[in-house]
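In the two complexes below, chain A is the common chain; its partner is chain B in one and chain C in the other.
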Partner chain A sequence: MTNPVVTRAPLGRQLRSELRWIVRRPRTVIGLSALCLVPVLAGIGLWFAVDGDGPAGPGLAAIIAGNGLVLPVFTLFLALPLLLPLVGAIWAADGLAGEAQHGTLRGLLLSPVGRVRLLAIKAFGVATMTLAAVALLAVVGAVVGVVLFGGQGMLTLSGNTLPVGAALGRIALTVLLVTVQVWGVAAIAMAISACTEHPLVVMAATMAGVIVSGVLGVFSSLDWLHPYLITSGWNKLVDVMRDPLPTGELWHSTALAGCYVLIGLSLAAMRLATKDS
Partner chain B sequence: MTTSTSTPAERADDVTAPALAARTRGLRKVYGRTVAVDRVDLDVPRGAVLGMLGPNGSGKTTTIRMLLGLVRPTEGEVELLGRALPDGAAAALPHVGALVEGPGFHPFLTGRENLRRVAAFEPLLATGDIKRAVEDALERVGLAAAAHRRYRGYSLGMKQRLGLAAALLVPRELIVLDEPTNGLDPAGTREVRNVIAELRTGSTTVVVSSHLLSEIEATCTHVAVLHRGTVVAQGGLTELLQAESSALLVTTPEWVRALNVLRDARISARAAGGESLRVELIGTTPPAVLEALVKGGIPVWEARRQRTGLEELFARLTEAEEAEEGLSAVDTVEEGAR
Partner chain C sequence: MNRRRVTVVAAAVGVVAGAAGLGVLAMPAGAGPAPVLPDVSAESLVESVLTARPAAFGGSVEVANDLGVPALADVPQLADGESKLRMWSDGEGRVRVQLPAADAERTFVDDGETGWLWNSADQTVTKLPHGASAEPKLDLDPDGEQVPPDPVAVSREVVAKVKEFSDVAVDGTARVAGRATYELVLTPKPTERTVLREVRVAVDAELRVPLRVAVLTNGTNNPAVRVGFTELNVGPQDATLFAFTPPPGAKVAEQQPTGPTDEDRALAEGALAEARPQVHGEGWDVVITARTPENALAGLAERERPGTPAEDEVDVAGLLARVGKPVSGPWGSGTLITTRIGGVLLADDGRVAFGAVPEQVLTEAIAQVK
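Moving on, here comes the complex of A and B:
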């Protein structure tokens, strides 16, 4: 120990290594490919609903016809309640519990990488991949929507039609809003991931939490609880489809998801700091 | 686990490298109601190859994990390369390579990709040196030809070698190998021994654990015997062996006359059958015995030291422990229990 200065591996190198590791995982590639099918299937479903007298009825058909840019937003709302939380939970589960299971977490800690820094690297990986997944859904949704229904603009829930530029802005906004919501769930999943070495436990617990939270949101006798449930803000995200844009509910649900991120990561850091591995 | 007073090793750190690569004092780890490790005072001298010997469940792995800061001791102190853990971990660990509880790698990545990932987190490796360091380490453990294959398809021996390669990525001051020959064939075992010998020549301190006595006897300069979570004996391998009552076996055709010569020299000896004598080395040394014999005109055909093998020592120590089983407060846990 001649050099008293504490040396650290460059952060950029560690972050790149983390991303490469996630992307190289077969389940990531398969999962993202499967995710791309969602807007395609939603588009085809709507195509038949528009074309014939589908169960969706003429109302939905009227909205979608000639408004292909609605499809990415529609797809994101379709995926938010279950599919996207699952995706976030998988990455959070693999990040800590999965590494512990393979014995690789030990190797990282011995490198050494500080435990707080390790959590930051893992959170960065999950956050980046979540954003990528949501953006991918939106892009595929937009392409499928424009191809199937045409892309003249976006008909809002308020009745007017936004021009293409504004419509793309609304899609980007939806991507950000939905991503932050998934981050909230993934952060809680990270906290669970720090406590176990079974990735399946993390996924099951996270999804059970999302479902229970959704169920609790149904009971009006529990309405005192609803402002604190992350899922209760998800329905209100449709506000992005209104014109002019009402921001109140959007701010509230985003701030709530931010709190979930903070709480989840703090719990994960506390657990990781004293964890035996 | 921090102390307000500075330990001798910490003070020495300012002037010169401490004499001990690692040191534990009063180490204790309790999992729930099970005491895994208790009162472990381990000294790892710099430049030594310390063998941690003990049956499965004797606390070897738990001690190693505490030594590396992976597990927080319930009580006691750990000093690694002169720095107290856990605060000193960031400064000490870059100079420590370890293979703990078997190799841990990702099955879907190739051997090379797995090592690259480990290397990316290695503080002492410059980004430009990673490629070369990975290839060197693969070469050193004989995995270069299989580096492009997925870890999933590796044999147990190859996995073990990749774990060794990860520990050897950077020149280290201390290498800790937990059961490094597990699952290796005789050729692989020999290679691991060669690597340890190489490290020793390069003045790297090595801690190696094993439940195989032959393994420790073949590679180590120092030994610590663990049993039921405590160190029951430790020290230099030769000193530990010589501390046992040993004898000299002397072969001579004139054994009757030899007995008389030795009796005159006040050296206790007895006939050991055939043409040999067993000379007890109590209060005397082999040169003194031989001098007495030669001066007495005895033709000595052969003289060899009868050692108390480490195996005997180990067996005796563990048996002694088992005899006091009723008194022992320490329970045995499976290694790796958390």
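Moving on, here comes the complex of A and C:
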């Protein structure tokens, strides 16, 4: 009896095929196009608001007049509380629960690919698509912002104007910070996704978690709980628009999201390893 | 089978590590072990603080407020909690202070010639004359000679004055914002009738400037107010921090350097003459009393915001009822507002008394107001 020759597909090919698998879904394309509408709508809304008397709104909206490069940052913070977690949850749900629903996960679990490796490939797909979605929002936001509001450089909340290079650096930093936060949510969604075969359950549970932790963050009597909630770091990301850049809170919220990524992926690995194929 | 078990164990370790990481992040940063410093006497420490030269620095200051004032929607600054500010100084009069709010920021820059106040919420810049925000100087003898007194002599005088009513001691060392400090403790003498237990000042061992001040009150170990650096970089600061150019599109308003108008000054002087402020007691249990016209507070609130719609006005009577409690005695009746560092007694007939003292001392003082 001859041993079967162990042939492993190269990792690069597996990752590429996973990405192609996600991008080919019509709902991915539709979803990404819909995401592009967010900065456009926000820009148009603010453009009308700027025409009126006084500031265009609270927070970042107040400094947007003549300061178009703020729009991508504004849009990302607008999308972070609900829209981007939903996007991350959809991809995490399709990755494992969606495959289980179609019965294709069984084939993947039986194939000569380690389960940890399978999870890594799925997580890579979700992470890459999340980064792509956030970057897409930022790029569309920057273009719409410069077209609608113009402006050289970027006026920070502190009243300094950053040159264009530094301004683009701040936008890139915001993209990274926001992406890591969405990864934190998506990792938990992956863990749920590994436990069920209904993608809707994954999305509903993830969004419920995000909303509930947002609500818990409102009560001051629960302030002992706040440092553990991933949503508690989201408001503090606005530090990216201050100058000189205060890094303390940014590191802190990124480390918090990193802990969520570790917990979520570990739970998912635990569930996948013990799953009967 | 074996490989599966390894995976499960590794994943369990990952979950535990992640949860532990959350716990570590949630814990407040520890101050680290107390540094070992040469002994110093309280007197020479205070003297060195009073004669210290300002240094160039940049850092963050945290203000932790636990005054016990009930939370009011109209005045959120009074409510208990923590706030942060960032400041830079070049040691020669140029300063930059940034007050970050939730999603806005106020910046004050004094570039040596002009002060600029920026508010991101309404994109306004206010121009102020240089030195408008200069710290109030220690002035022991306001009516005295104009010659600046010898700082060492002045500091000795201050120490003597403080020691008359308090015990001054150096209580070990501490680490504040990563720097070694002496803990200077001012304790009221037992005869002082005050609600304050002690005031702790952490003095930088090298620069001899206060880095943290905490006010502690009777019956609790949590400071009522604590102001201190959380981050401090001593040394020359980036010169661009002390320059400010109003951004295009911002409204620039210039505040008149003449200060208050004559009308305002006359009004203030009249009010002061009418109020007849008096000081009762000395040392820690000083109580200041005054007499205000009965509707002074309401009138003030209306003057503060001329032309605002009626629903915007502060309802002073309602505010008092929410913050204070009604009290009465042989002296009359009124409203008592207590905080953890003292109280304010507002009598219904317009008499006012306040100080860092318990209620009884306030009522004694207010009874002496004719």
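Following the convention adopted for this analysis, the second predicted complex is superposed on the first by the 260 of 277 C-alpha atoms of A that agree within 3 Å, B and C clash if a C-alpha of one lies under 4 Å from a C-alpha of the other, contacts with A are read in each partner's own complex, and residues count from 1 in each chain.
Operating definition for what follows: a residue touches a chain if its C-beta (ideal position, glycine included) is under 8 Å from a C-beta of that chain, and two chains touch if they have at least 3 such contacts.
All values reported here derive from a predicted model rather than from experimental measurement.
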{"item": "Most chain A residues touched (candidates chain B, chain C)", "value": "C"}
{"item": "Touching partner for A:Pro163 - first (chain B), second (chain C), both, neither", "value": "neither"}
{"item": "Contacts of A:Val238 with chain B and chain C, given as first, second, both or neither", "value": "second"}
{"item": "Chain B versus chain C as contact partner of A:Leu256, first or second or both or neither", "value": "second"}
{"item": "Which of chain B and chain C A:Thr274 touches, first, second, both or neither", "value": "both"}
{"item": "Partner chain in contact with A:Val113 - chain B first, chain C second, else both or neither", "value": "first"}
{"item": "Which superposed partner A:His102 touches (first chain B, second chain C, both, neither)", "value": "first"}
{"item": "Which superposed partner A:Tyr228 touches (first chain B, second chain C, both, neither)", "value": "second"}
{"item": "Residues of chain A at both interfaces, chain B in one complex, chain C in the other", "value": "274"}
{"item": "Complex contact set, residues of chain B against chain A", "value": "13, 17-18, 65, 68-72, 81-83, 89-96, 98, 100-109, 113, 116-118, 120-125, 127, 166, 173, 338"}
{"item": "Interface residues, chain C side, partner chain A - complex", "value": "4, 7-8, 10-15, 17-19, 21-22, 25-26, 60, 86, 98, 100, 102-105, 107, 116, 118, 120-123, 125, 231, 238, 241, 244-250"}
{"item": "Chain C contact footprint on chain A (complex, rising order)", "value": "54-55, 58-60, 62-63, 65-67, 115-116, 155, 157-161, 227-228, 235, 238-239, 242, 244, 246, 248, 252, 255-256, 258-263, 265-267, 269-270, 273-274"}
{"item": "Residue numbers on chain A that touch chain B, as the complex places them", "value": "1-2, 4, 6-10, 13-14, 16-17, 20-21, 24-26, 102-114, 274, 276-277"}
